[in-house]
């Protein structure tokens, strides 16, 4: 196990190194002079030269890559051209909000996807199965940005059931200011017992989280269904039937656990996807997360910021995969033996 | 962890119907919904971006332009005069003005501020380029000596780079200023909190010692809630969560006009769209091609499709400014365009003409122009390869002269047409905004004479502007001006006193507002 | 030693594809493709015909889907948009599946350091969610349909590489591969003749599932302004253009949105159906 | 034992997948008259076969072909001499069986396909079928036909019949017995080795635990595992098979690997026994070798004699 | 214990097993032999109503219940508790994520067997296993152990009959011998009825009292083991016997 762990960690590091190199290459390919972008339209040639020197834009490429890696490791993720603040600091503020949104979305997806998948497997080939498959396929086919717009228009604007946009009612900042610990509003509100902000955030969270949840819920339902059907056709399910267990019991108490393993990998996979999907959702719901930051960065050609977001999301992906790989052992004893 | 977010920050917007009595203290917050991040640069010297919507409430200039009356009004200066054919200007400063830093405004302080701005060379600092020296004969008098005649009263009314601030305090607390913790203005409002990237990015609070004083019904708090999506902003406005939406599309604007609890305001702006043709290189070097392109634009269709958010332009200078001409309204004429192309060796019977065009990414109105132009030109065998680009990239490419058609907006930094000519059409060694690459000595010379005329003889100036426009648009065909934008704003109905001043684009003068009772 | 389900030869499994979903998906895709191909004949107007004075007309007899901000017929553009979307999807899938499968099969068959090198590179690309890398690339390259294709293909091939590498690795240990090696068949021949054809079934399933993903990603890129450009008819671009009109002129957004949904749905139905019939356990992306 | 007359020889080979060895330090000769390889599932029989076929490079030790190290042998010649017949799935499921056989032939000899099919007792018309359209027995004949296509000197047969029904099994074994080529036969069926192989080797947990003339080995097992193996085979109408020892999960890592299951294990067995010659050669046959400290006791065990 | 008359099992109209008569009494061991696909497993599963998607005709009485007409609940009541199934591949037949003890405990609770811990320990010991095995996962036990555990399940639940579908074909001969030994003991000492499916005629001949020979879904010969093996009446049976090495 420790050896496996070390190997796995080494692999993850290697991948991260590749990610950094690739990101570097991409940032160097961006058209437009980064010095001009930083110094502003009316900068003098001297100012430009100064900016170039400051950011080492005149060095040979491999020196720049070396510097880039060194800077990243020492926590200097460059300065955003747009906000003019360290990218890492910006990310530190934006990421928790994204995490909150994506986390909520994934929770909804898991809570909805698993039982629905079980239901479909239980009634394989019959009407509930048919409708679950149909719905889940619809869910994975929805263009998020379009769904977000539609839900916002119908449920927030026309029906007025939910807030239109934002993370929470900003008036609450005066009446019950939030003490920050994790930067994740829901969590902070919960641990400091700030109910007004908690309820407001939850209300604001519903629609965007539902949109984020649509895709993962669909794939999770499909995956649970497929795996359960597979598990239920295994020899052990036949033995369980022969022992007199009910079909539902077999699915939920015997088959579900081994089925959770692929679902777990799936969640790791979907996690990064959901963050990026969240970008579009955040833009529509004006959620103060990475997505808004990224969209701003894209529209202002803010290369350091785009690179920062890219790196962060890739890092999250690698991490999520690592965690899942380690978690598999908990879910499936066979994996532990590996 | 453990710090507090937004304590004392943004508060409930005014949802109308406070108390009936006039003198009730107004403790509501006025919430402004901009579509972009508010602040990129807190330095009043170099600030040259969207933060104008907040800066003009924090900082003040010597004068202020009243677009309705087309007159310059006193602000920190109470009166002024010019001499020596507009090459010497004297401003009398208002008494008893305090900076937010606690210092008192005097001539020396004003001088320092302007000199610091000039020295910075950033942002719109160029507006001071006529200034040769500044003197302070006494504590309340500021005397400018100019290198050439220029309308200093207009220049000092600029929304950018004309702010008077406590330069000493600013320099001492550079970091705090940069981080929006401190400002050094004299305006009615001062920074309350600033959190870049947050939805409610900025809140302002009343400056108690403001020279204008405070009445109970005025808004003491202002918040900026960044809302990029027009639709979202509109929904927030309908629900009363914001008070002012900077920009709606024509359809929503029309709806706003019919929605209870919302007031819709429409004002012509000083911002127009320029379609610049490459006069230096490529097929558009041929003036006939440029003229054909001018004729291919469906001006009336464009304005119709923009449904009130634009009005047809007549020349380079928008109405309301010196030098605006009438009788130069362009019209689409495809037959003429085809004829001109034919002469130039293109058109339906000849080889296909391929042109490249760049325009601003994400701008619906420019996209509409591109759509219509592309469709029209297709009929005369001209293919337009249009690229939407982020401004930096578009501009970078433009500076290299790497396109045939460059589309951009232009608006003046102060209420004067000069910048359309100086910045856009005067030749320069290194291209900045002269993206038609016009290089004509006669035109350059005429442009150089404009400030003097403006400062001394407005009638002559008017004529000079008219002549120049004819030359540039009709003779040189360096540019087409499809329309002047019309601002379409929406406010909650409970706000009284809103006036849109196109000289200060998107700025709301919060100090002048009060809730309806 | 029973064969893994994915090793079942396609010929043998195709008759088993009685999954109604697979059939429905195939029919749906055929219809969509037909509509796109026949757009010049089906569409009531030329695709770029503008009429600014008839902008934003609600659906009526003349314009079944209404008109957009430039007065173009939305139905026409939805039909032409299908050509763009399907062209993108087909090209991306062809390019990325070919690249990915070739690399993956070599990696899986060769094993050892070859596999390690290829798979680590694959992992690096996998770490970028498709949309994100596409965004970064689209910022770098000029936004256009070609950019979209390149950007998505760059992020898509690793999935096929990974899939076919694991397939090929398992095929490579099959006795018939050993047998071929013992007969002295050269490695490239073994890969082409035995490993590749036998690894293809799950790739095919994945390809049909991915059709939807590619269309959604392409639409999202265009929606962000990083993809197709005016005046190209593209669904994502149409949604983006109509976005601020959703509350006032619903048809501008709704029809292209439905077109994306329907096409992605058709691909998913086909893919899910195939997967259900062939291999119920493969992970979707 | 002499190395002369040995077609292929494994010399102290250790084999494994990745870094895990599964066959440990095995020395083994393939001599004429048929060689059997017996052992329980997972004991490394197929692994050893793959090494003999040059499909798996030893982690240590050498495979010798004639007198030459396999690494240095001209593979083209070797492939013509040594051919496998695998346990299952040895035909590409997508290929027509005719093409599968043709793959083994030079381009100008493709016409030999029908002839080869006839040689293994199949209708040449079957050439156009795919494997799944054939019965298990027919499939196995095709595999043999393909192996014969190159006229090999040695066939390496890895459980060629274990997936088949008994009746079919018998016919295939007859076919194999009639072939001219020498053979290494891997099976868990003792009766089969008894018929087809002059010498046999018993593998346990990747080690040769006993080897010698097949008849002698089965008549008087000297290793407790061989004994258990022999006695566990049910005989038609006979007594129920005898279960000797305890079923344990894994062979021991150190010492005698069979120790955890061995009913005769003593403390001495903590030391790994070496493969040693067993005295008492019988009637001019090759010698018996065994890796057990208590081989003599096993031979004396009354129940061991049948 | 088991009483079958005119059993017909068909999938989609194709008859895959037809058994005119099959009886197993307590303490008796009956074996079904035949080639692959001859319908042996199908017959066995039909006895517990586990042939999904098949049409089953004829009369099947198992432990006093008429299987063809019984309700699902009635069927579940006899499954495991009165008639147990032992399958071919031992590990695959155990849920991989459950400890053996957990599975047994759940089954005992399902059938309302009290004093589970003691019953479990006794059952495991009855098949010569160490009770510590209950704490292991399926992949941690050997095939023989897993197979004996499956038998222990039957004992713990108090089953009166065991249906064994090729219970040893995945095992090595040495391990097979252990399992066969246990099965024999149960039959002889506890009076369990044993129905054994196998393709190994030799193995069957050593433990079965009676034998049914099946081919292509039909029973071609049946009778006392000794008689069938000594003087086979059907050519197929003869062929089977001759094929034995």
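Observations on the structure shown:
Going in written order, the chains are labelled A, B, C, D and E, and every chain counts its residues from 1.
As a working rule, contacts are C-beta pairs under 8 Å (C-beta built on N, C-alpha and C of every residue); 3 or more make two chains touch, one makes a residue touch a chain.
Computed from a predicted structure; not experimentally measured.
Between chain B and chain C, the least number of touching-chain steps is 1. Looking at chain A and chain B, the chains that touch each of them are C. Compared on C-beta pairs in contact, C-D and A-C come out with A-C as the pair having more. A separation of 54 Å divides the Cα centre of chain A from that of chain D.
Here the CA centre of chain C is 50 Å from the CA centre of chain E. Rounded to a whole number, the gap between the C-alpha centres of chain B and chain E is 89 angstrom. One inter-chain figure worth recording: chain D and chain E are separated by 33 Å, centre to centre, where each centre is the mean of the chain's CA atoms. Looking at chain A, residues 31, 149, 153, 157, 295, 298-299, 301 sit in touch with two or more other chains. The residues of chain E that reach two or more other chains are 140, listed in rising order.
Among all residues of chain C, those that touch two or more other chains are 142, 225, 243, 246-247. All chain pairs that touch, listed by label, are A-B, A-C, A-E, B-C, C-D, D-E. Against chain E, in their complex, chain A makes its touches with residues 234-236, 238-246, 253-255, 257-258, 331-334, 337. Put simply, chain A touches chain B in their complex at residues 31-33, 36-37, 40-44, 47, 82-85, 90, 93-94, 149, 152-153, 156-157, 160, 164-167, 170-171, 173-174, 177-183, 283-286, 288, 292-293, 295-296, 298-301.
Of all the residues in chain E, the ones that touch chain D in their complex are 35-36, 140-142, 144-145, 148, 172-178, 180-181, 184, 199-203, 205-207, 226, 229-230, 239-245. Within the complex, the chain C residues that touch chain D are 1, 3, 7-12, 174-176, 178-185, 193-194, 197-198.
Residues 21, 120-121, 123-133, 135-137, 139-140, 142, 212, 216, 219-220, 223-226, 236, 239, 243, 246-247, 253, 257, 260-262, 264-265, 267-269, 272, 275-276, 280-285 of chain C touch chain A in their complex.
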